[in-house]
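Heads up, the next two complexes both have chain A, just with different partners, chain B and then chain C.
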Partner chain A sequence: MINWLQVLTNSIIWGCMYMLATVGLSLSYGLSRFPNFAHAEYITFGAYMAFLFLVMLNLDIYLAVGLAVSLSAFIGGLSYLLLFKPLKSRGASLVHLMVSSIGLGFLIRHFLMQTFGGGIKSFRIVWPTISIGPIVTTPLLLAILIVALVIAFMLHILLTKTKLGKAIRATADNPELAAASGIDLNKVSLFTWSLGAALAGFSGIFLAMRSSLVPLLGWKVLLQTFAITLLGGIGSFYGVLIASFILGLSENVGVVILTWLGLSADYRSAIAFIILVATLILKPEGLMAVARRRV
Partner chain B sequence: MADPLMYLLDAVAYAGIFGILSISLNLEYGYTNLANFGKAAFFMMGAYITAIMSGLKYPFIVNSLLAILITSVIGALTSLPALRLKEDFLAITMITLGEVMKLIIKNEEWLAGGVWGISGIASAITIPGLTFRERLIVQIALIYSILIVCYFICELIVKTPYGRILKTIREDEIVASTYGKNVFKYKIQVFTVGSAMSGLAGSLFAQYIGTINPYMFEPTVTFVVWMMVILGGPANNLGAILGAFMVEGIQRASRLFKDYLNLPLDPVNLQVMFTAILVITVIFYRPQGLLKEKIKPYEGSPHKIIAPKFMEVKSWIRRS
Partner chain C sequence: MKILEISNLTAGYWRLPVIEDICIDVNDGTVAALLGPNGSGKSTVLKSIMGFTKIFKGSIVYDGIVITGASTTKLARMGISYVPQINNVFRSLTVKENLEVGAYTRKNDLSISEILEVFPELRTLLNNKADSLSGGERQLLAIARALVSNPKLLLLDEPTASLSPKNTAIVLSKIREIKSRGISVLIAEQNVLKTLEISDKAYVLVSGRCITSGSSEEILKNENLGRLYLGLKR
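Our next item is the complex of A and B:
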């Protein structure tokens, strides 16, 4: 007997995690017009920084998470300032930008492997289980839910009510027009890249605390983040919001179906791939397209 | 390996196999601007098909032909949805395809040996009574004859009018379609040929190395092939092969270097970090690569170019 309420809860929690991991990718993709493959490594970076502060230096958990998230934001901003901005100003092609983002990703991942070692690490926190009716959960999963909802609400306020958020949306829509209207593209891009990397780092901490910390932590959700970005429509925050819950639900229902079919539950990432390809065939501009894609 | 000559010959064989991958990527990226970030996936498919078929006691020629067939079909099918869109969609599809392929191979133990891989793959040419070194030389002869064939196929493709259409697509798709060329059709054809060559390279790799496992086909492989093309010079087949030799040389040298320097660094990490920095530097300061694309200079007035063609057409009409 399958506890469908539990499946639904897991889907929502996974959706929250994916949302945090993807928002930055989608926004920076919409703004800078290229997929940043190093985004997966911001996720890993955040998790390793949290490990450094929390386990190795024994700091307070809130302080450790805060430091890790700000360092992720720093790395995101730095990679824009030192790598992608100069490349763009040199007129690098889309393919060159993508190749260098993969290069940056490898650089970050192997730097972390060199510093922390390649083995599996654990935060050594045992989460007690909480039962709410038929649903079994842990404080960590509830924290993910609350944090993600708060962040989603704050992002909504940021993007619709503040000047900066409106500038982000305007730039994603039409960079030339935005620049002509007096928006400082560099400032907007820098902010978006840092914000995106910070949220990715945050999701990385949650991902690592849920299971364990490995150098491939971020790379393992790369497929999911790209499926969500394309399904939601590149550059659209609300698209990411909807698409992450769609993916969370289809993965969790998919796992139930996979076990029923007698296949390995590892194939859950293949579900993301199917969604990705289906999006490209049926609706390549995504559910909510902001950045117009010129073919 | 204790024998330094063996180490060198092994490096030469690897450079040949990666040279095939490199010219196939050059055909896709250098000439047609198709960003294939799934090289490792096609390479892996070719290797695994050969390994599985070798386990069923089929000869190498059958295995490699099957590898070419299956990889080209999979390449055409998976690139189909993305090829109508911009380059970044193809890049995303291919990079994720690599992960899905690895997932299948790791999970289907009955088919592909799971994480342990497949061992005991028969080599293509078995001549009894040869020493290990002589066998390596036979292998190198096989790999390089295939590399040369692939090189000439690519040269043939790009030097003909067909190649000029590809270059037009690379420069401006709209121009190509204005001239009545079906851009989509050309892209699929190029992608299919590129995938087939990668499959063949995988097939050669499997029979050369004898044992394969999924960890040999990490995304770093794709990145290394990209590095070869970007360093050697996109849209120059000799450059792509030169790039393959240079990158293989750098990798081997860094492995040797590490033993003498006693650096407190893990060799794999060092290698990947160094490769990544090198790629970014090349993209920054010499995006055209070491060997530039040879562009034929414009000769004389358009009349001089068109007139002989016109005569050709006239004589052709007269003959038929």
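Our next item is the complex of A and C:
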């Protein structure tokens, strides 16, 4: 018999993980008007940095995670400053920016492979199971849930209550008018790119702690992050929130159906692809109507 | 005293000049109008002041400081506010948020009630998304957004375009009120007669060149000019 409460719990936790992985991609896409494929590598980078500090250097877990997330933010900011900002200011087209982001992704991935090796790595943490009624979970999965909810709440406050957050939304909505209002577009973009990469790094740490660490860690969820970005509406934070949980639920219910049909659960990746294609065909502007209701 | 002095300005996009040898002065606390048919370069003059075009030749001096080619953000922080003809509000933000973003450069806190004294029409719309406003309301919000930064110079690009006669009258009355508060205005318009009523000086642009300038009375008296270029019937 299927434990639907467990399926729902797993869906929520995967939704949280996807939300952390995707928010940065969606915000930077909305702000800079191109999809950054190197975002997958920010996810991987964060995980490897946490591995370095936690397992190799044996630092305290909070310090290790803090350093890893900070370095992910640094890499995100640096890639904006050294690559995408100069390209954009010289009028690079969408294709040029996309190809550059793919190139940057390769660079980061191969740097990580050269530095840490290409094999599978583990954080060597054994998580005990916790039973809450019919639901079985682990402290890690509960941490993912709590961290994601806290971050979502903080992002909501940032975007709706602070001067910087309103500047981010205004810039995503109408960059020329934002500049004419005195907003420094470069500072806003730098902050958003750094924040997005930090959250991606955070999600990478959780993904790697949950299973294992490989150089393709971020690449494996890139399709999901793009499906969520498009389904939610490019640049829409609330769209990402809703779409993340839709994908989390679809994948987990999908696995149940696949098992029931006698098919491999590996086909779950196809669900993100189906959502992506269906969004592009049926509602290309996404759930939150992209251009008009960004963030 | 001149708040804005444009000398021999040639500007455009990429390698293509759209306006040539433009000379415009705006005196402190006055309204100057840029008149002319569609495609005459009125909007390009305003965009050039705001740093949105490529400047090939000439200079722009604002409040005694050369600002030719300065960044848009810097110009806004120096006290120049700009209301584009289209896309002139943040559509996904509420009316209140639009005003808050408009006040981004303001040192002291924004008093919403202060701006609502000039724009009472927006009072009941504060929590509405700008996207949901009517054309007239949106235009008022665009001007209000530009005003909350306490500018010294306000650039308005066809603020009455596509508005009903009633809304046009409201917008023009707001511009009069703005002038009475000592803010200088440079307005690009096709609504010639109405604009000349509120302007101290006007410049007539045709095919990217300024063919004449003078006080509003002088422009109105020039029958050939009005008939040939400004669509005035006598």
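Here is the rule we use: the second predicted complex is superposed on the first by the 290 of 295 C-alpha atoms of A that agree within 3 Å, B and C clash if a C-alpha of one lies under 4 Å from a C-alpha of the other, contacts with A are read in each partner's own complex, and residues count from 1 in each chain.
The rule is short, and it goes like this: a contact is a pair of C-beta atoms (placed from the backbone, for glycine too) under 8 Å apart; a residue touches a chain by one contact, two chains touch by 3 or more.
Note that this is a predicted model, so its numbers are computed, not measured.
Contacts of A:L223 after superposition: chain B is touched, whereas chain C is not reached. In the superposition on chain A, contact is made by A:N174 with chain C only, not with chain B. Legend: residue contacts after superposition of the two complexes on their common chain; A:G182 is shown touching chain C, with no touch to chain B.
Which of chain B and chain C touches more residues of chain A: that partner is B.
For the contact definition in use here, the residues of chain A common to its chain B contact set and its chain C contact set are 293-295. Here chain B touches chain A in the complex through residues 29, 33, 35, 37, 78, 81-82, 84-89, 91-93, 95-97, 99-100, 103-104, 106-107, 219-220, 223, 226, 230, 265-266, 268-270, 272-273, 275-277, 279-280, 283-284, 287, going by the rule given at the top.
Within the complex formed with chain A, the chain C residues making contact are 50, 52, 71-73, 75-77, 81-82, 84, 87-93, 97, 100-102, 104-105, 129, 131, 145, 149. Residues 34-35, 37, 83, 86-87, 90, 92-96, 98-100, 102-104, 106-107, 110-111, 113-114, 118, 219, 222-223, 226-227, 230, 263-264, 266-267, 269-270, 272-273, 276-277, 280-281, 284, 293-295 of chain A are the ones touching chain B in the complex. Residues 163, 166-167, 169-170, 172-174, 176-185, 292-295 of chain A touch chain C in their complex.
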